[in-house]
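Across the two complexes that follow, subunit A remains constant while its partner is subunit B and subsequently subunit C.
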Partner chain A sequence: MDRKQTNNDLLTVKGLTKYFETRAGFLEKPTLVRAVDGVDLKVGHKDVLGLVGESGCGKSTMGRSILRLIEPTDGEIIFDSEDVMKADSRKLRSLKRRMQIIFQDPFSSLNPRKRVIDTVGEPLIIHEIAKRRDLRDRVVSILEKVGLSSDSLYRYPHEFSGGQRQRIGIARALAVEPVFIVADEPLSALDVSIQAQIINLLQDLQRSLGISFLFISHDLKVVRYFSERVAVMYLGIIVETGLTEDIFTNPKHPYTEALLSAIPIPDPSTKRKRIILPGDVPNPSQIPSGCRFHPRCPYRFDPCDKFRPKTTDIKGGHLVECHLRG
Partner chain B sequence: METLLSIQDLKTYFYTGDGPVKAIDGLSFDLIKGTVFGLVGESGCGKSVTALSIMRILPPAGKAVSGRIFFKGEDLLSKTEPEMRRIRGAEISMIFQEPIASLNPLFTIGYQIEEAILSHLKMGRREAKKRVVELLKAVGMPSPEIRAKDYPHQLSGGMCQRAMIAMAIACEPSLIIADEPTTALDVTIQAQILDLLRKIREESGTSMIMITHDLGIIAETADSVAVMYTGRIVESTDTKTIFRDPRHPYTRGLLDSLPRGRGEKLIAIPGMVPKPSELPEGCKFSTRCRYVIEECQRSEPVLREFSSGHWVRCIRAEEIAKL
Partner chain C sequence: MKLFWQRFKKNRLAVAGGVVVLILFIIAIFASLISPYDPNVIDKKHVLEPPSLKHPFGTDELGRDIMSRVIWGSRISISVGFVAVGIATIIGIILGAISGYYGGWLDSVIMRFVDIMLSIPTFFLILAVIAFLGPSILNIMIIIGLTSWMGVARLVRAEFLTLKEREFVIAARGLGAKDIRIIFGHIMPNSLSPVIVSAILGVASAILVESALSFLGIGVQPPTPSWGNILTSGKDNIEIAWWLSVFPGLSILITVLTYNLVGEGVRDAIDPRLKV
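Now for the complex of A and B:
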């Protein structure tokens, strides 16, 4: 199938689900929110998989479930030939040395009471990578990698700008020398000119250190730029996945197509047909029958509201879940 | 070409414990009737403060200390508060970034739109109620009669933004200021709202100021555009020219920062926007500029007409295209 899909995949996820129970009120019956509803995906060595979708589609839940930062309801996660779901807390800790996360909001994801040396150095101590007396030098060399100087060491997060804080967040993730990083909207809180700096940094790190990424973003331009392959998520499932260029130049799923046509292009001379989807981004506690996308789909026909489409491989690992295009 | 709004040398300062912060420092632009004027820049460049200054709804610490804002030939800065109240919502209305936060959570959206109508138009309550439903229908709200009775928290972000737009067009204003109207929305919902704004403009000929950080939105909505940096306009011209032939290094930097396709390293603007209290002497962009020369740091360049209708605040504008 996919050229990346060999026996030595770094990460293999099968049938991952995460359900939440929520209550509208104290006496109300709980309803089930199917945030992630049976997702398969693979990330190879030195691979970047972009995960796109709109708010509430489950992309962040997905990223966190893979690292077991939230406990998945069901599914299988194999990382570097080890079963993440079955790992006990000791095993999990050693796994987390190899898999890390970068969060979206650099303002709330750093502990405001910790200096940079503590934030970046703590994982080194926890994982017994560095001794206390070597800590400073280790942290300085990590900070250099992300473009921060050693005078940042004893400063607190509030003394930094958004872009610099995101660099600290990246440094913290890099400290334990992971082979896999979940980057959960790492750019969306940043201004355009700062975004470009951080993309360049992530790209450099990815290439020089050979780290694999699950790159979660709603910004399709950034995903196209950074990812080897792309998975498009809608209401807890992946509706289309394939090589980045295939997805962007030849999208098959009507949702992918609409999503791509909705991006405003910074070039006033391009005129194109925009597909405007009706309705709102649906709520994962009320998942439509059949194909989940059918209420908003411009091409829906007979089977769409009755049966869920099967995933079809159109061409060399370009997978799509659609009655019409599959 | 009739000028609807003309801002002349506006200065808006914020008085803080550490002295005045010059949020807008000498801003001028003209909005031609029936067109969309885009204001683009990064956080803190003063684009939202411009909107608040026009509407005269600055927070207590802020004050438009000098300059003029001519709207239909009259200076808004010399209007009394009761006079402004008759203009806001009726002549000029505003759409804010956070639709859910900008609506009053204690009243239904129908009631809030109704109030906007009743405070400006001579209309009975029953008639106003009918108008609310018409408006909600016009902005594409599903089942408008039912939605009119909903509170903001019962609606999605996209629907709240539709309600805000219904309120903004309720009195058929001549100018709508849209301050990042789609930033808080998902991309498919953003497409719906931009499409709606385009329809409103086509049908009613309303003029608009479109404030955004997204150059893509500028390209698709604005007729002319001003790029702002540290409370000043650094470049201003028609939309086509800004993308085809940008002459200010900051505009060029913003365009270069956008990922296009795959692979090539992005040309990022180094450093970050300086704090208002730490602005450099001379050109305010000189600390981050790729093309900086000694002269740039000596005195601040003026916004000059580089070619007809193309204004640039850079002494090297002529050479920039070749550098």
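Now for the complex of A and C:
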């Protein structure tokens, strides 16, 4: 499948940046945390882009910035040929009928004092999709899509298990019939057996409703299963992006290599090279010079700590930012 | 809610307090039926009589029946307590919600105002204001309310600060909900439990303030009976008529104690981890 880089893309993000200012004390100098530091992304129609990276690399911040749930510091977000960054509050509301988000923690993502019908029905009321009297039927049909029965309508979130709660969260996002969903680690708070159910549910929905996903995860196996393309994030930037198969079989960035080598393999007799990265992810308020991966990179050489590498196209949209490939 | 009752029932002191609070309520509401005499009828033949079957709490220096006055006084005390706390809670919720939800300079301004209000000794502020406006029950309610909202504002602000970062609130924003809907539909209902507790405890302290003001003669004015002003006449006659001080004093003690017990019981039942 070749990626046509046309304006056919559903979502185009250019140079997205989010800096947080933190102040240690009243008179201290504020320090700048560069959570997302100039990210380019494209998500096509009916496309699934997996976004992987360690915790704290800015994945969630980016997902939320795209929906302007966090106000980005800078950058350009074009969704369905509309400029999200310049949208006023009315425009933004109508955009939110088309782009939605699913959260990580199904325990904090549902209002504990609202029944399922209120939670799932709220978007219908906000966007005046359904009248109060046919709200119930609408909610029932949405719940069916995510595999919940109408018995759950008048129950509260605490009466459900984690997997069921996540289904409710998905139902809420589906209520407005979006074309694009940011799934912010939707599986990582769930048991493994439930994870499989939810990922299958997402895949079914993606196929039957043609929804595009930005699928944020640190579980590479799930990303490989679900995504068509993958972007690897490290310290606020994307270091490698490409088709899922290319990334997984032929990683070009040393960081991607290291990440992939950390995937557990079910067969213990399989021999493999396990790359252990020294040190921790640097603090995003003190980003290393040059290539930001250089302090931990096993292959670093002369230019790495001096210049930031350019993005190189290996083949057909497989982009990598590394001096080794430049 | 069911869980709340289960936990509340386990706390026997709180349940006992609740029963007493309820009884006091009934007494206050049906004061006209329960009180044996008109609280303001002067009986020159029975001045300063000790407790007897005819006058269970004795009579005061004008021959008025103390029991009737204490019963009518409970009406004043409880209504002052509730109205004052009502005013304080409403102001506190509004300012706390604005402060916590919008943050920024608005938050700074409101919180510095809270600090200023807290730095003024409330009681003297009340004294000064009443000196200007004149003592009336309504003025007292309003003034106590206007000087006791700061705690509620801080509580509500803190709740808003944590709740507005919760994912269900972010989800609501992601759905395109307006601020009003988020504040009243999502954050407020989840932030009220500590407010309820502080309101119940606040009633007790408002009753105390009212009694103190009335005792000093700048609260509820005679002849309207209030526990505080009965105590005033008790003070003048303390050497010859102990019953004049003891019964209103006990009423204040019991009321404040039971409200505190109920408040603490409710607090523990709402959230066992929450110990203010």
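Operating definition for what follows: the second predicted complex is superposed on the first by the 320 of 326 C-alpha atoms of A that agree within 3 Å, B and C clash if a C-alpha of one lies under 4 Å from a C-alpha of the other, contacts with A are read in each partner's own complex, and residues count from 1 in each chain.
To be clear about the criterion, contacts are C-beta pairs under 8 Å (C-beta built on N, C-alpha and C of every residue); 3 or more make two chains touch, one makes a residue touch a chain.
Owing to the predicted nature of the structure, the values given are computational and were not obtained by experimental measurement.
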Fit or clash - subunit C, subunit B, common subunit A: fit
Which of subunit B and subunit C A:L259 touches, first, second, both or neither: first
Once both complexes are placed on the shared chain, angle at subunit A toward subunit B and subunit C, C-alpha, multiple of 10 degrees: 80
Subunit B or subunit C, by number of subunit A residues touched: B
Partner chain(s) touched by A:I314 [first = subunit B, second = subunit C, both, neither]: neither
Which of subunit B and subunit C A:I129 touches, first, second, both or neither: neither
Contacts of A:R64 with subunit B and subunit C, given as first, second, both or neither: second
Touched partner set for A:D105, first subunit B, second subunit C, both or neither: second
Which of subunit B and subunit C A:L209 touches, first, second, both or neither: neither
Shortest span in Å between Cα atoms of subunit B and of subunit C, once chain A is used as the common reference: 11
Subunit B and subunit C contact sites that coincide on subunit A, given as residue numbers: none
Residues of subunit A that touch subunit C when the two form their complex: 64, 67, 69, 92-94, 96-97, 100-101, 103-105, 108-114, 122-123, 126-127, 169, 172, 176
For the subunit A and subunit B complex, residues of the former touching the latter: 54-55, 161, 163-164, 191-197, 199-200, 203, 218, 220-222, 224-226, 244-245, 258-259, 261-269, 274, 276-277, 279-281
In the complex with subunit A, residue positions of subunit B that touch it: 42-43, 142, 156, 158-159, 186-192, 194-195, 213-220, 239-240, 243-244, 253-263, 265-270, 272-273
In the complex, subunit C residues that touch subunit A: 166-168, 170-178, 181, 185-186, 189-190
